[in-house]
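I'd like to ask some things about the structure below.
Order of writing sets the chain letters: A, B, C and D. Residues in each chain are counted from 1.
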């Protein structure tokens, strides 16, 4: 295992200290493992809290700041944080208007946030929850754990965060978060496995001419293994899955994210975006806004995820609203 | 070789098309391979042009925009662009106040930009050149090619770009660029080799418990190979080399970049930044501003470079000036 | 089962988890996210620490404390699930000692709590597939008048059988469910840690 | 040397570069940035294309066009260096044909141009280490009255000797210089392509 770390057990603590040192706009509670905005929540503003296992940076800590999250709770690598962290985060940022938990749909995240919501209620904090489940690679049914939450998290955090900044109440912010999630679909492909610091070995062996189709962001294998193909064909596969699940019409406006999984050079992400733009242009689907970069990663995994969010004028105007976080910044 | 591309020969063309599709603030000349600001250069503003081989994204195209570069010329992967590209860029963005070429010190870049400067002069465009040579891993002497240009490029482009935006003349902007370069030192360490699309194989074999010390950003091996060590010790080695070359005093203010080489997760970069902050704090050297992320990459190489720039009040205020590029944005 | 034994059980789990940490993580690497060993290790290390300076009034208090500590230190799916299980088991044992029948009832409360929280059914390829047969075996021995150690050994055997029986299953809950049919052929990490927990119980009470 | 031969020489270089592309890139991978083969291939493909519809008035015009095309298509260090060399060689051959002495003088102008631009000296582990001995051998044969083909073969042999002699050298110019002592033991890619260029010349004029 080759990592720039001191010890597998110390990764989270060291990285949190680094985040604290790097970003004066953030306030890091090392004891409770909470990354919060340095400025107090404006009284009456709904506070947004998200979190999940570490290893997906900049998600979530990199999205804490004006117009996006008020706090993030990073767990150990690929491990949901514990309820105490989430409670501490909620207490740190509640501005009296309630707290929105933005939770990616994984059993661990769901259960821990659920317990945290109960604890918060006991402390008199009103909590609403938005569950993110955008990954169309996963079969969805009442018998399964449901779809994973992946790229759409960025869209939900940005857009719900902007609405909260504008003074909307908790129900409105939660409703908008759910709307964005409902409008979003993702699909990911991996060229290599990632290696967690604790395990020290790649999660799976992948021959030099193969790729995993339909992977998540936790190093698990995907739905199937296939021959490595040109970017154009990989994009076609991913977009087919996305559009089959949520057909879009001519003229529909979208926000598209081409997201690197951690070990993929930006050069390749632009190659991928070019193919995405070509396919959507062909169908007269408009990419009104886009993100090309590594926003929701899976440690050092090489690969890409695509997220397409159907966007109306409200969503676009909230997208364009000012944001000032380590990983997304405009208008400030 | 595992890459999200269509064909090795098509990488640059496809990526340029992707950049054009992703960024409405940029104007991409696919024929001449020039990435320029979409808005015309303000008459009387000095125009900044940089360029170099591709594979270092977001450098340079990701730094084109308000307050930074006016145009970038991307060459083939790890290959300096040709003089014709640079001339086309200079012609596209000259606002009558002259053009500053920002050139990383590699024989190819230097010779091609030199030829371009001659061509531009023939076209009546005044050109000044700033050479970036910040990499202390390379022995510097009149008998060698001199030090490589690496991380300091970002600092020079940002700070000279801000000064140009404020209306300074070509000599002043060039002078500031040289000052920032003179004040900056870098050192890099690689955990893995990178693979160019054309060669299809990693540039060197590195056993699982070793690292290359003092690498550049073109996949070449470093000055020596050593046992992999904890982040703390790697940082000590790098900072020792940097501070030995440019001693800093108690109270000195700096801009520090912890830069991922392409395949390194952000989580690890924060671990590294934490160590850098600790060492400098110990010496009472102030990190007044910082960048933690992947800004000057070497395709998919895992590793990190540190850049330390001694910064006075002028430099800091230019650093803080508004910038609006795909990869760096604040104040707008 | 008494207070001391309960504490020794938790320590024995911690020791077993420490020993099998890498194995649990490797199982989780195949069909999950490679953290189950580390998660369990973090949790049971914290639990033994929490118990060190604690003077529990009842058997149950030991286990409630253990559960609470797991919830506050593990994270992931296994933290709330095991945490609730231990809390439920503990809440059902509000006495300084517990006999085999009482313990069977407590284990049942623990399973109910896991199922209520995680909504998994037997056959979904989760810890339930080790827990449910272990509980059934323990209950059966209790009903037929066996002593605690015999019941615990039967439970451990059944848990291990159940653990092995997860191999051919296709996961319907937890991360492994994302793999669809590709989860078949791998042993569930949570079922494996459940088997460790029951084996630790059997060994603890047998050693006494 | 005449116009046709000059054109055939450039085509022969292109063919040789095509054949040895991967080898050049692998050499550059060891002590550089793994692009020399691709660079040379891009450049000489462009040069042959540029010559296709071109009716050159002189031997030199063929080579000036080749050099200009290299400069505008190669990039990297080798683009300007080889480009200037061919332009300088061409500028010295302002006639429809050139004899051995004239060609020797032109080759000397080419080397001077590389040295002026790149400031490398013999022994720095660059293309110069193949070019300089090739020129010396060609000049010597020319001085002793050998025919063009004999001179060209002597130059090719000397270039290949020079190329091999770069192996033990420590680089002082170009990317390989960054490696310090670690550049020792590797053959210089640019010296290797220079040897290809002189071998192509020898074969072209011998075939005539």
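The rule we apply is simple: contacts are C-beta pairs under 8 Å (C-beta built on N, C-alpha and C of every residue); 3 or more make two chains touch, one makes a residue touch a chain.
These numbers come from a predicted model, not from an experiment.
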item	value
Chains touching both chain B and chain C, listed by label	A
Minimal step count in the chain contact network, chain A to chain D	2
Longest centre-to-centre distance from chain D, chain (CA-based)	C
Mean-CA-position distance for chain D and chain B (Å)	32
Length of the line joining the C-alpha centres of chain A and chain B, rounded to whole Å	29
Geometric centre distance via CA averages, chain D-chain C, whole Å	74
Where chain A touches two or more other chains at once, by residue number	77
Chain contact graph, described as a line, ring, star, complete graph or other shape	line
Pairwise chain contacts under the document criterion	A-B, A-C, B-D
Complex interface listing, chain C residues touching chain A	25-26, 29-35, 37-39, 42, 71-81, 117-118, 172-180, 182
Contact footprint of chain D on chain B as seen in their complex	53, 75-84, 106-108, 111-112, 114-115, 137-139, 143-145, 148, 196, 198-199, 201, 203-204, 216, 218-224
Of chain A, residues touching chain B in the complex	1-7, 11, 14-19, 21-22, 54-55, 57-58, 62, 77, 191-192, 208, 211, 228, 230-232, 234, 262-275, 277, 287, 290, 292, 294, 297, 299-300, 302-304, 329-332
